[in-house]
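Labels for the chains are A, B and C, by order of writing; each one numbers its residues from 1.
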Amino acid sequence: MKRIANVTAVAALCAMTLSGPLAFGATDKPDKIVVTAFGGVWAESVKKNYASCFEKKTGVKVEVVTGESAEWLNKIRANPDHSPIDVVTLSELDSLRAGREGLLSKMTTSEVPNLAQVPAQFHVPWGDLGVSSTYGPMGIMYNSEKISDPPKSWKDLIDGIAAGKYGKKVAWPSGTYAWGPPFIWFIAQQYGGDVNVAFDKLKAMKPYVVKFWETPVDALNLFATKQVDILAYWDGRSYAFINKGNPWAKFYIPEPNGMTSLVLFSKVKSAPPIAWEYINCVLSPEAQVGNAEMIRYPGTNKTVAYPADLKKDFTPFERVVVPPYDQIIEKIPSWVERWNKEMR
Amino acid sequence: MARKDRPIGAIARAGYARAAGLIPMMLFLVVFFIGPLLVNFSQSFAGPGTMFREYRRIFTDGYYLLVIFQTVLLGCAVTIGCLVLGYPLGMAIARASGRLKAALMFAVVAPLLVNVVVRSFGWMVILGNQGVVNWIGSALGLAPLELMYTWWGITIALVHVLLPFMALSIASVLEGIDPRLEEAAKVLGANAFNALRLVLLPLSFEGIVTGSILVFTATVGSFVTIMLLGNASTMVLPLLIYQQLTVVSDWAFAAAMGTTLLVLVATLLWVQARFMRPGWRQARTV
Amino acid sequence: MAAGAHGVSRGLLAYSIGIVVFLAAPIVIVVGVAFTSADFVSFPPTGVSLRWFKRVISDPEFLGPLWNSAKLGVTSTFVSLALAVPAALALVRHRFRLGAAIQAFMLSPLSLPTIILAVGLLFFVARIGLAGTFLALVAGHAVITVPYVLRTVLAVYSGVNREVEEAATVLGAGPFRAFWHITLPLIMPGVLAGAIFSFLLSFDEVPVALLLSAPDTTTLPVSILSYLVYNYDPAVAAVSALQVAVIFVLLLVLERTFGLQRVMFTSSNK
């Protein structure tokens, strides 16, 4: 009896779920588009700033899906003709991969007028298949009660750590973190560009690093519980921490600049053309300011003017460097393997 | 047995009905397990280079072989830990009733209800250098223990979360054992230890095997706890697979590693099934 | 007298208390963090407040997925039971020539890391047209949990005296009645253990749920994980504390209404 009931239940479930709407016609207005966002405050900002802008302009509903870049990339790969996602936010590397696999649509200023306001470094390296809405460099966050003379440059920091200047109270991104390999490239840049030097420096730092972190939350946990006095960390997240009642923590971008992370918005090839309007909303001045206020990362639209209290935390374009992902991407398998083998 | 050669009508029919009970699960697994397995299997040959390149990368590189070894070793350590801690717990659960039983079952199941990342942060508080363990240790005058980012800390955390699989497997088998057997042994002069060794352990053997299989395979497939409580020196195969699928985006290599692990563990399971048939229904006499 | 009710000896009781302390330790910390009044994770908590619980209870980002996880857990558990219980019975009864191989095959999902299974499932279900469906999620979870049920029922059933079942059949009971009235009560401890494992595994499962979910079928651990990628605050500790509290209440209710010697685990060999 139990078994018959189960079979009926499963059959009913089949009928219900398979009869749901799966794809929209290319020419009619769809009843909704599906967009991605990272969880928590990011998703809130997306709903408040981007989704409402799009819904007002087009009358089409926006469904926000939270998760991570790798997951979304795989979902699109598995369903190229009926992608479950219309506008996707991929990491720099995943965006390159998706582009090379022909999964994304190229954008021009006719579909996305606001693209003209975005500096080239935030979309041209991806062949205009994706554009970043924000940028956020990695800098140094430190405990000002323990460290009174923070290092001026990245080189000073790295050499200082390796010399034991801060004791065993350092945290650093792992080479196997999503932005680990680009950060290895960045370290190499401080010493003339040789990746072998970067690995040597990392090995020298190792005795003083409590944890090479794989997820930012892990790093913040170490810093907040005072197990670590100084760490390389993202600016938006650092300011979020500092502004939540932790004035003992300070953040800055050392010389010469900071490596940035980008969030690349792309329209998936099988998505309806109306989805372009969403990307245009994302790059619009109002949405850029609204988003910056919520997640505290500056936007890429160069015409936007931010209120003074926000502006003081933002790093100007000139102090930010975008790693050459199209060159790094081939090297990643070997760098990750080197990390696993040499850093244990 | 004579009965098997000449089945009596109704019993034979009932027998065939029960044999057919295998079919739904086999069919289900063929579709929803073999299907995805074949997808992965074919991917493991689809990488750039020659067909067996990904497998060669694993088997000709001492590093990957070491990681496989470490993974299996961790599986054994956690299984033994769960067995030692879980058997008495299983006995307690089986023998308890009412509120005590409810309390024990709740306690044993609760760790699984806490999200793995949150649980790991909890362990950091306990095992860290300024954590609870070391605080107690220093109060007792002991030297500080380095438990974070070591195999010890990882083993403790995994035993903690996998204990229910061992304890409940053993408890469910112990429940079915007639308590009069143990009483009879005691009446005949066996002390508690011998009663355990000669009566309970053989009868609950299937429960021990079940618990061990479930704990071992769960350990060998886990990576989040290891990622958070370990570092580059505590590498296991599932964590490598995760890296390959996310940062490196090399599905072929990940699929080869997954297939390798599958074949390794499935072989161990087959050996276990082949040489440890169920049927130890009699307690051993001295 | 229910089986095993000759009680827990003093030594065993002391041991159990020790184990419970070990099991509870990280959970106490998590619950402590959940009650903090601070904006950030801190232990010991800097102040006591219910704000994180309030935030979590009212947040659709957690509530919807919680309901999805419960639905998915119950459905996949029933499917696992339906598939694995008959299979376990068949395996014990019949000494199939390839019995060991069949058992190893049926347990083999245990040997495949779920993350690789998840990727394979994603592309496989897309190919058979079930992408993003609840059915695919249930199937994915059932693949993972079915070996657990098989194994626990197998363990209990192999110790059972089958002559009682044969007697029932000889006396005229059809196979279904024999199962329902004789076999099922005998294997109940194994069925319940398997069901508990199945539900807990499904409720906590991430890789398959991550890749096979559609916007309306996101599960709780997946939404917790995506929250954690960018947010470091006690909300997630509050969610975990709530999960523990719900099960605590559930077990309390079960104990009060049924008295756990009758519902959980007991085989009626008296």
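In this text, a contact is a pair of C-beta atoms (placed from the backbone, for glycine too) under 8 Å apart; a residue touches a chain by one contact, two chains touch by 3 or more.
Just so it is clear, the model here is predicted, and its values are computed rather than measured.
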Third chains touching both chain C and chain A: B
Most extensive contact between chains (C-beta pair count): B-C
Chain centre separation (chain A, chain B; CA means) in Å: 36
Centroid distance [mean C-alpha coordinates] between chain C and chain B, Å: 15
For chain C, residues contacting two or more additional chains: 41, 82, 86, 119, 123, 225, 228
Chain B: positions in contact with at least two other chains: 117, 121, 245
Residues of chain A touching at least two other chains: 215, 217, 221, 225
Residues of chain B defined as touching chain A within the complex: 63, 117, 121, 124, 128-130, 149, 227-228, 231-233, 235, 240, 243, 245-250, 253
Touching residues (chain side chain A, partner chain C) in the complex: 1-3, 6-7, 9-10, 13-14, 16-18, 34, 38-43, 63-68, 71, 74-75, 77-79, 82, 84, 215-217, 220-221, 224-225, 237, 241, 244-246
Chain C partner contacts - residues on chain B that touch it in the complex: 8, 10-11, 13-15, 17-22, 24-26, 28-29, 32-33, 35-40, 85, 88-89, 91-119, 121-123, 125-126, 132, 160, 163-165, 168-169, 171-179, 183, 203, 206-207, 209-210, 213-214, 217-218, 220-221, 223-224, 237-238, 241-242, 245, 251, 254-255, 257-258, 261-262, 264-266, 269-270, 273-274, 277-279, 281
Residue ranges of chain C in contact with chain A within the complex: 38-42, 61, 75, 78-79, 81-82, 86, 119, 122-123, 126, 129-135, 138, 180, 210-211, 214-215, 218, 222-223, 225-232
Parts of chain C lying in touch with chain B, wherever the complex brings them together: 2-8, 12-13, 15-16, 19-20, 22-27, 29-30, 41, 43, 82-87, 89-94, 99-117, 119-121, 123-124, 128, 139-140, 142-143, 146, 148, 150-152, 154-156, 158-161, 166, 169-170, 172, 175, 178, 186, 189-190, 192-193, 196-197, 200, 203-204, 206, 221, 224-225, 228, 236-237, 239-240, 243-244, 247-248, 251-252, 254-255, 259-261, 264-267, 269
